[in-house]
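Two complexes, one shared chain (chain A), two partners (chain B, chain C).
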Partner chain A sequence: MFVPFVAPALIVFTLIVLAPTVFSLWVSFNEWAGAGPMTFAGFANYARMASDPVFVTSFVNTMWTLFGVGAAVFVVSFALTMLLQNMLGRKFIRLVIFFPSLVPGVVVGILWGFLFNADGLVNTVIGGLGVDDPPGWLSQEHMFKIILLGIMWLHTGVYTVILMAAADRIPRDLYEAADLAGATPWQRFRYVTLPLMWDVVSVCIVLWCVQALKIFEFILVFTGTGGLPDRGVWNLALFSYAEAFPTDGTPAFGMAAATGMLILVLAMVFTVLARWVLRRDDVQY
Partner chain B sequence: MNAPADTAPPNGAARDGRGRRSRSGFHYLLIPAAWALAVFDLFVVAWMLISSFKTTREVFLDPWGLPSALRWENYVEAWNSANIGEGVLNSMLLVGVSGVATIILAAPAAYALSRFGNRGSSTLTVIFVLGLGVPAQAIFIPLYIAFDRLGLINSLTSLQLIYTGTGLPFAVFLLTAFFRTLPRDIEEAAVIDGASTWYTYSRIMLPLARSGIITVFMLQAIGHWGETFFALMVLQDKHTISLALLEFMKAMQYTGARWSVLFAGLSLVVLPLIVLYVWLGSRIVEGIAAGYGK
Partner chain C sequence: MPNNIEGAMSRRGFLGIGGTALVVASSGAGVLGLAGCDGSGSGPSGDPGSAARMWSMWSEGEPNEAILAEAVKDFKKEVGIDIGVDWKGRQPVDALLPSLNTSNVPTDLLNGGNTEIVNKLAATENAVDLSDVYDRQVPGEDVTVAEAVGNGNRIANSIGFTEEGIPVAVPYQLSTFLFFYNGRRFPDLQDNPPRDWDEFFMMLDEQVAKGRQPIALDGSKPPYHAWYSQHLVSSIVGYSGWVDAHLDRSGQLWREPEYVEAARIIERLASGGYFIDGYDASQFPAMQQKWSNNESDFIFNGTWLPKEVKPYGDPEAEYRSFPFPAVPGYEPPPVFIATQGVSVLSKAEDVELAKEFVSWMLKTKYQEMTATEAGEIPVRVDVAVPPTAEGAVEQLSGGKLIQSAPPNQAYWNDVFEVVHADLVFGRLTAEEYIDKLATQSNEFWKNHE
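What follows is the complex of A and B.
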């Protein structure tokens, strides 16, 4: 009876996810414009990455998202978790800050971009505070920072929700025991809260790696043109898409696939690393 | 010293002193910050809704004010000429069909993987879960080629297949965990009564798993509602909500800024989510918390 239950799902999963992954790996070793012949190129696509400035920028931007925004999201989520543990209106705040992560990236990207427009709300506010010469938020040098800030805003809610649920499961008497032993707030966090949430934290880090690597539409729509934005703000997902469907020039399916493979490898390496570095014996309580 | 009003423990578990101890300057700085974040989120939604009734001129000249008149014509224009109407209908069809298809495929698989105890089940579960880490960029080239050869480019069917297939890992993952939480004695009683495996699954276990299934369906639907990457790849002259919005922004480059119409379009995309969230919000939040927290 096992087979008829599992087979349909497995077949569709194989056709849509597994087989294309394997075929992508093959394409990544070729030069291919989609139509016409495929020429074997060995590691040429991978070798070209390092010398392509657009790729390097996209890679660096992806790393900023993964580590920079990742660290910020976790610090803020932990702070909010600790804070909301005993605060009036916690359920309400949790519900509200979670909502942006459900809204399509296209929509929040457009709104976030509009806030920082030259005539946008942010400038109206700081103009009212007496700043007459606001920085060009969407200029080359600032735009990506604003995007990172937006990504952070979007994701904080999800991690706060997950961490809060974990914190809620910690029995109260452990804190009482810590108080009786004269623990400071920091010690209670360090020796009671953190060890008991460790497992959930590592799940969150894995989830973040996967989510951060696939961010696409938020950046795509940010500049409000509807087409591909300035190359300076691309990440690997945008780079891969632009290689396959360029606005001008021939499609480079090989390079697009190679970039996809790189994203996959990054996701797996970081997942394994996160699980391994954060490996602890599960604490039963 | 009395505990301030905002230290009331959430589950009424007595004033245990921990609230008092953690009061510090830092804490008082953070409470307004948490509220500010929530207020900001509410403000952005409210501002979008209010601006959708203004003229574009009013959006820029009087960004904080109320509209001089409720311009419903912004919505009519967004629905018709900006193709948001077609986008909303197509996206609803897409998330509905692919959501149901995902459940139909994933639920029996998850049940078998969590219960039958075959030798391969843990390996298979791991394979499905690994699928969670496969990014769209690692599979889109072969999918594009395949659908192109099959003449399925610019067809909603291809998108439905893609959404169903890529949704399976999450659905199997969550439902496997859910079936594990259901008690075994009901099935044992059914077996003793001579029920077939299929009967036990479809008539007894599936109804018991209803809340898990609804959670999976909701999360899939919300996740695919504004999906952009695959939609851009597959569709050419058909619209989903995200494609309609992108196209409208492109058109604004030439026809001039019509931000208030764009905001009406954004509102049409967000309003169903708000309704859903007000109705099922705590359930969605609990579902996320339970799914990843355990």
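What follows is the complex of A and C.
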């Protein structure tokens, strides 16, 4: 009886999500150049993952983004939320903080490259402060750290705005009661703010888990090479892309699809884990 | 190369839709969705009513676009066949691949790099055998395609051939790699270029003594530094020795003294203050910008460089070039080239009609425009090269020409370029570099048997 109502959505979902996913799963068990003959390869593409140093680097970098940048984004977002909670002009400041999220990652990636060039603005300022030999920010040793910083800068604004919105709906009298009880700022955060915005925090963390696994364009354009960047800064999304669209070599859609399947599994696992770890009873207020 | 980024972003846009499921989809069937979009084939100058269609690697506004557009215009006027062109930008095969799985292939001809045509189009069995085109006359001229492109001329006719020896592309222009300099600053160099690295180091030392950092290098582009070893090793052990080391499953061949000798020259460059500050920590094209404004003296790059730096370089500069010097006591390295050409798709609506156009680009008029308008080297030896690439003339006429594509692309990208960066950026000595390269080569081949 409900089938006629569900069918259109089900058909669309099947066509644009399920079917491509199942096809990708099939491709991941094959060697295929994107066109022409497909050769069944079993689990060879998956087996290659563990022994391919480029893949391992990409995986480790993805985990750095997910956990390292994730932790930094939420710590800074919470700090800004607390800092701005009672500040005058907070709406304007919120706008300023949110601004980086409005700028396309591609633009930020290109501009940050200029900022951190050997004689870019950053080193010019550092040199002006009397440092004779400023670091080469875009050298292989430092480039990934700068990329992580850029990703953090790009995403902190949006999570700060969401957390601030969640903090805004907490009744003021709860804070007044905390003040009367002699609570410190940390205690106000720990026992009032955090518990009452926990549902929002939980959703934000799930969103970050999905988002962090898909970061792509910022890394691609950061080095400005017009091709693929240094392999030391790749993540899984970039690895998948490079396998499917190599600069000159023959495309390896099987490996690209296998990496895509891994990203899918990671996203599902981290989402479920995050929901499980962050589960709390709803606080009514 | 804005089109690379543009293309990448369109795919990223697709990657970003609808969460992780489509991230997966993008690797496989998801890209099929793009086929429909590209399949319309109606680019700015692509006329759906054309007799044949072509996807080109050039973008609108580029000199090469103007040359191809002129050829297409003349072809319509003189032969009566209208070719609709879509200016796709670099690596058009990437955008084309998904549609090749369907019966609705949006183009009949493909204009692109020969490596791309061989490795992607021919590898997926989508390129037509052009043997018979090589036997045809260049339209209106007393020369066959094989004679224009073939042995004894500017390039060997194996360029654009598959491993099985099937010609799948006809190249019409080529690029090679040279040391470029500003002829106004070094007026004597054109007649007296350094023949080997002893002579070159003497020149470099003179510049260093003047407080210069004489060599510019955009280290963020891995091939730009890897070309140094490609030429040095090939000078010592020949091209076959270069290939053998790449394909040596044990990786131990790299430990032979000849390979160490090549590495020592790069170690000397890296440790001797010859490279410009920031070569290891900047965003392309920062270093070639500095060179084009005389902040450095020499740069090893492709023949496209003068055209690339023209918008921001010293307007008074007169770019000139000389070939990569030989390692002292050895032969000069072979001439590594990259070529661009035209191929015909297996699913072209009318293969014969498409073939008609392939030889058209070899007409003298477009060959001359290739040199004068695009500053690139025409394949026909009876057409002069541009002044910026005159340093290559002697080599091209007498040297051994090799397609620049690495012996194994995955090995080159995943191992060689990565380890080589450690040497050229001064993080490893020659011996440490050889040791790391031998070890990682062995590991790579274990995983890629």
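Keep in mind that, in the parts below, the second predicted complex is superposed on the first by the 272 of 285 C-alpha atoms of A that agree within 3 Å, B and C clash if a C-alpha of one lies under 4 Å from a C-alpha of the other, contacts with A are read in each partner's own complex, and residues count from 1 in each chain.
The rule is simple: a residue touches a chain if its C-beta (ideal position, glycine included) is under 8 Å from a C-beta of that chain, and two chains touch if they have at least 3 such contacts.
If you're wondering where the values come from, they're calculated on a predicted model, not measured in any experiment.
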*asked:* On the A-aligned overlay, A:6 touches which partner chain: chain B = first, chain C = second, or both, or neither?
replied: first
*Return first, second, both or neither, reflecting whether A:248 touches chain B, chain C, both chains, or no partner chain.*
second
*Check the residue A:56 against both partner chains and state whether it touches chain B (first), chain C (second), both, or neither.*
neither
*Does chain C touch more residues of chain A than chain B does, or is it the other way round?*
B
*For A:131, is the partner it touches chain B (first), chain C (second), both, or none of the two (neither)?*
neither
*chain B versus chain C as contact partner of A:161, first or second or both or neither*: first
*Examine A:272 and indicate which partner it touches, taking first as chain B and second as chain C; both and neither are also allowed.*
neither
*If you stack the two complexes on chain A, which partner ends up touching A:221: first (chain B), second (chain C), both, or neither?*
both
*asked:* Touch test for A:177: chain B only (first), chain C only (second), both, or neither?
replied: neither
*Once the structures are superposed on A, label A:23 by its partner contacts, choosing first (chain B), second (chain C), both or neither.*
both
*Which residues form the common part of the chain A surface touched by chain B and by chain C?*
16-21, 23-24, 27, 34, 106, 114, 119, 210, 213-214, 216-217, 220-221, 224-227, 237, 240-241, 244-245, 253, 256-257, 259-261, 263-264, 267-268
*Please give the residue numbers of chain A that touch chain B in the complex, ascending.*
1-2, 4-6, 8-10, 12-13, 15-21, 23-24, 27, 34, 79-80, 82-100, 102-107, 110-111, 114-115, 119, 121, 124, 156, 158, 161-162, 164-166, 168-169, 172, 175-176, 179, 185, 188, 200, 203-204, 207, 210, 213-214, 216-217, 220-221, 224-227, 236-237, 240-241, 244-245, 253, 256-257, 259-261, 263-264, 267-268, 271
*Write out the stretch or stretches of chain C touching chain A in their complex.*
1-2, 4-5, 8-9, 11-12, 15-16, 18-33, 90-91, 94, 97-98, 100-101, 113, 115-116, 119-120, 123-126, 220-222, 277-278, 280-286, 405, 409-410, 413-414, 418, 421, 425, 440, 443, 446-447
*In the complex of these two chains, what residues of chain A are touching chain C?*
16-21, 23-28, 33-37, 48, 51-54, 106, 113-114, 116-119, 135-140, 142, 210, 213-214, 216-217, 220-232, 237, 240-241, 244-251, 253, 256-257, 259-261, 263-264, 267-268
*Can you list the chain B residues touching chain A in their complex?*
5-10, 13, 16-19, 21-22, 24, 27, 30-31, 34-35, 37-38, 41-42, 44-45, 47-48, 60, 63-64, 105-106, 108-109, 111-113, 116, 118, 121, 124, 127-128, 131-146, 161-162, 164-166, 168-169, 172, 197-198, 201, 222, 225-229, 232-233, 241-242, 245-253, 259, 262, 266, 269-270, 273, 277, 281-282, 284-286, 288-290, 292-293
